[in-house]
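Across the two complexes that follow, chain A remains constant while its partner is chain B and subsequently chain C.
Let's look at the complex of A and B:
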């Protein structure tokens, strides 16, 4: 327990001593790197891969949200895809009633918040394991609700959603969808990065590492957990909104237990507790099925996903990011030794 | 009266299956302090592969069932051996993450090896019916309730009245001290996981014989058994089992009063209400601190 606290100091924790002089250039560097990476798909890829990239953006919002809940607060949700479903179906219902994307987004956030409150408030004043189980039941409930409201939601057959229209941007065009999705994805990323430096973000880490210790230094454990759950549900809802607008078609299997497990796989493989890990996870969850389909073995994806989740969680609990960080440290460590010996 | 009796019987039977399944969850949790999310899928392996062996490969039904049960026992022991024991200390919740991966793996592998469709399972007495006081009782109902009562009682006596039970409880309490006192903790632990695998296999086969079998049918069942365990408390013995039976009755009453599709929302409503209203000390685990 203390091991995780000791080995994982947040970089942000050191910032106040560094001073403001380095903060701004660093921020600019990060924005520039993000912009350069974001410019790659529309410039270099064809329509299909731009479409896939737009989906990566939507799923990145989802994995960032799950990462805030699991990676930073240590709470497990097995209904993250269901909350995406809440967002996607709210979008669909609003769209069929003639509301535009902005109103859809407002409704999505509202509905996601209400659903998250119902799930989290009774559950999170108790232990975290209960949340995992209640979210399971919530996933079942959503599947049931969709099955039994065919007139409203299209039922098990799924439903086609009208594309978003923002001025001259139309989300049925892959490039436009990509540009539309870029904005919420960037905001979500910026917020997640910033969260690590706020008091709330540090409270979350304290709750993750030891609830008892967090409580003893005056952290309102239950309130922190509920806040994390609400933030993650809004992220998931927005991701569902984007997903519905980008793909134009939603069906219950997109949001079932297995979809939630895949999101979990994504966060764990990418590296729980880091923004970069969430992005790597989103790329994994969108692009990996494509890779297996291109290789002619689409059935291998769930098998590999399950095995990876178990193995990564056991062997490299910090995922790709943790692995990279270790390698980086070793390289730097070696160099540092050499300098010392000189 | 006949109608209500029928509903109650159905509820008690389903609840008994939840309880028997939960017994396997409880003994594993109490001995190794971990939850196995793939537990339902372990049972699914037994039922689905038994179906495959008797229906597709033409083996006699009893032989196919035995192979299925054996597979489930092996897989459950292997989960402990290969994964749960290797979880580093000080990472609470990692057992759920790891077994979530195993859950996905088992589901995908079984789907790949057999298929993704639902199949009718051998009936095991679900068709043999008699009428008792206006209530139709099938042989399967009798087997389920009888087996649950006998198994639960046997487990209780084993845990509380034998030296083996004392060793088990000792190693659950503190593995290090138990080991020092001469208890073979590792063997006991493996045995517990094997017995839990056996229980999962039996329950899954019984559930399959009453419904049908495919790669997914145990998941809703697992969720409800876990919910009963969560409400009752995973470190207790009688309360979660009683809650499991009550949950079965509550579910069939909801279906009877509100229609066939009311089961899922009724269960969800129940857990939200129970968790919101029941005082914290009743529903919390006693040894919350795992640091």
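Let's look at the complex of A and C:
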């Protein structure tokens, strides 16, 4: 979350010292909460839902990345799933050439960075719709490239990816897949939280809210946008690597424009600009289609997704997280008033 | 030229700014004394904000030059001028509304040497040193401006006067040598104005700088500024001490529409 460490008002605002001695206990609390929630699927769910939970972990890495680009920096990308595709197909190509998951991951990060540089540097000065259009073109280009390189990528038929093998862990086992995905998801989350405490993270917020104000204090606006784009692309690439290893099968529709739009919807519904929102978004994007499938109405998902986006955009622009924060503030505000009047 | 405190003087030479056919500034040559608080006055459309924009690099200059100390900064962009020590506030408050006061102020530390993006992202030791330094600077400024208790509040929860101060804090946090404030008292009530003047005076004593304040309020200018420049219709009109400038007949005509001596 964009520096919840810093943004959250202190209870009653009593202690006037700024930001001292709040870091370590809060960090421990967060790690504990993360650990407790992470322990739920393996302890309580059956194999199928553990498998879905592993996918949530993979998609969380993707939404965290998109949140850095859109939620924090205010730049719209319609190619985030394409960057997942870059990661997934790089994983596939590396795997078919006999490289293990660690080498795959290194290659994924490298290729994602190069692809992101190629897309973002020429579009440095673009923003808003124009950047969105360029990312759209990149997505189409990738889809075309995959379709026309059947020998290398499996083309429209998709491709089976070998499971990850880390020692005794084998990602074709749902529980193992979950445990493997937990590590990168936790690291990605830690970096996203940490980003909110850095000047780099603040530059992004400044660029999102007022480029003029950002420049007035010396922020390099274009460079900040490119940095955000690179970070988000690496996140997407890592998510694609996880997705390929966990599901064991990838195909172009997994990474097409619709997939990108769903990721975008996920971030907005969860709450743009917050780490928690990105996680809620990931849960939404993985579990919602399942819910509709279970209800026997899989075709309703896109429609309901669109309607939900419209409702969120109109009624709760800060998403689920913003809604929760407002409710919490109201509850606490009442209590604070009582304390104040004593 | 610099004073002992290190604050440079600011000079423009033959500055002309055009918006299409309209000349917003015509051949303006002014010199703002080093280490002083100068007031920039004039009726609406006099070119006060344009002059501020030209000095801070927000407006392209058609002719003329801008100098900070001995350095000609005419060719520098906004960002480079900021890094060179020229930092401004805006007439309309431009803040990150959904972020905390502290975050808004910390953004202003951009001018201080920051570790590269990778070092920041990976939380290398240089990042922690920079963070401690920035937090110390922000804490000092927030204390100075009386905002310490609001440090963790979201900006959009604050009253207008406090939001103004947050913007001033963002400007001040990196101790720039040239501070340009565009109507910092706009929208404040009488009490708020006096408080702001007191705060700016206090800031100026603690961190010597060359401060330029665009302001309408004659009393505020008189109490805050030791030097005043009057503009009218994009041209230089008069400069000097507040008493000299406000006592000037031409200034009174341009500013009050009559040569009255009500305030003089």
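The rule we apply is simple: the second predicted complex is superposed on the first by the 315 of 342 C-alpha atoms of A that agree within 3 Å, B and C clash if a C-alpha of one lies under 4 Å from a C-alpha of the other, contacts with A are read in each partner's own complex, and residues count from 1 in each chain.
Throughout what follows, contacts are C-beta pairs under 8 Å (C-beta built on N, C-alpha and C of every residue); 3 or more make two chains touch, one makes a residue touch a chain.
Bear in mind that the values here come from a model prediction, so they are computed numbers and not experimental data.
Engineer: Of the two partner chains, chain B (first) and chain C (second), which one does A:227 touch, if any: first, second, both, or neither?
Structural biologist: A:227 sits against chain C, while chain B stays out of touch.
Engineer: Please indicate which partner A:273 is in contact with in the superposed arrangement: first for chain B, second for chain C, both, or neither.
Structural biologist: In the superposition, A:273 touches chain C alone.
Engineer: For A:212, is the partner it touches chain B (first), chain C (second), both, or none of the two (neither)?
Structural biologist: both
Engineer: Mind working out whether A:122 is in touch with chain B, chain C, both or neither, as first, second, both or neither?
Structural biologist: So A:122 only meets chain B here.
Engineer: Pick one for A:302: touches chain B only (first), chain C only (second), both, or neither.
Structural biologist: In the superposition, A:302 contacts chain B only.
Engineer: Could you look at A:202 and tell me whether it touches chain B, chain C, both or neither (first, second, both, neither)?
Structural biologist: second
Engineer: Of chain B and chain C, which one touches more of chain A's residues?
Structural biologist: Here the partner covering more residues of chain A is B.
Engineer: Which residues would you name on chain A as touching chain B in one complex and chain C in the other?
Structural biologist: Looking at chain A, the two contact sets intersect at 2-3, 210, 212-213.
Engineer: Can you list the chain B residues touching chain A in their complex?
Structural biologist: So the residues of chain B touching chain A come out as 35, 83, 86-88, 90-94, 96-109, 111-112, 219-220, 223, 226-227, 230, 261, 264-265, 267-268, 271-273, 275-276, 280, 283-285, 288-289, 291.
Engineer: Once bound in the complex, which stretches of chain A touch chain B?
Structural biologist: 1-4, 74, 76, 78, 118-119, 121-123, 125-130, 132-134, 136-138, 140-141, 144-145, 147-148, 210, 212-213, 257-258, 261, 264-265, 268, 299, 302-303, 305-311, 313-314, 317
Engineer: Would you mind writing out the residues of chain C in touch with chain A in their complex?
Structural biologist: Touch residues, chain C against chain A: 56, 58, 78-79, 82-83, 87-88, 90, 94-100, 102-103, 106-111, 114, 117, 120-121, 123, 127, 130-131, 134-135, 138-139, 142, 148-154, 157, 170-171, 174.
Engineer: Note which residues of chain A are touching chain C in the complex, please.
Structural biologist: 2-3, 6-10, 13, 16-19, 191, 194-195, 197-200, 202-203, 205-206, 208-210, 212-221, 227, 231, 273, 318
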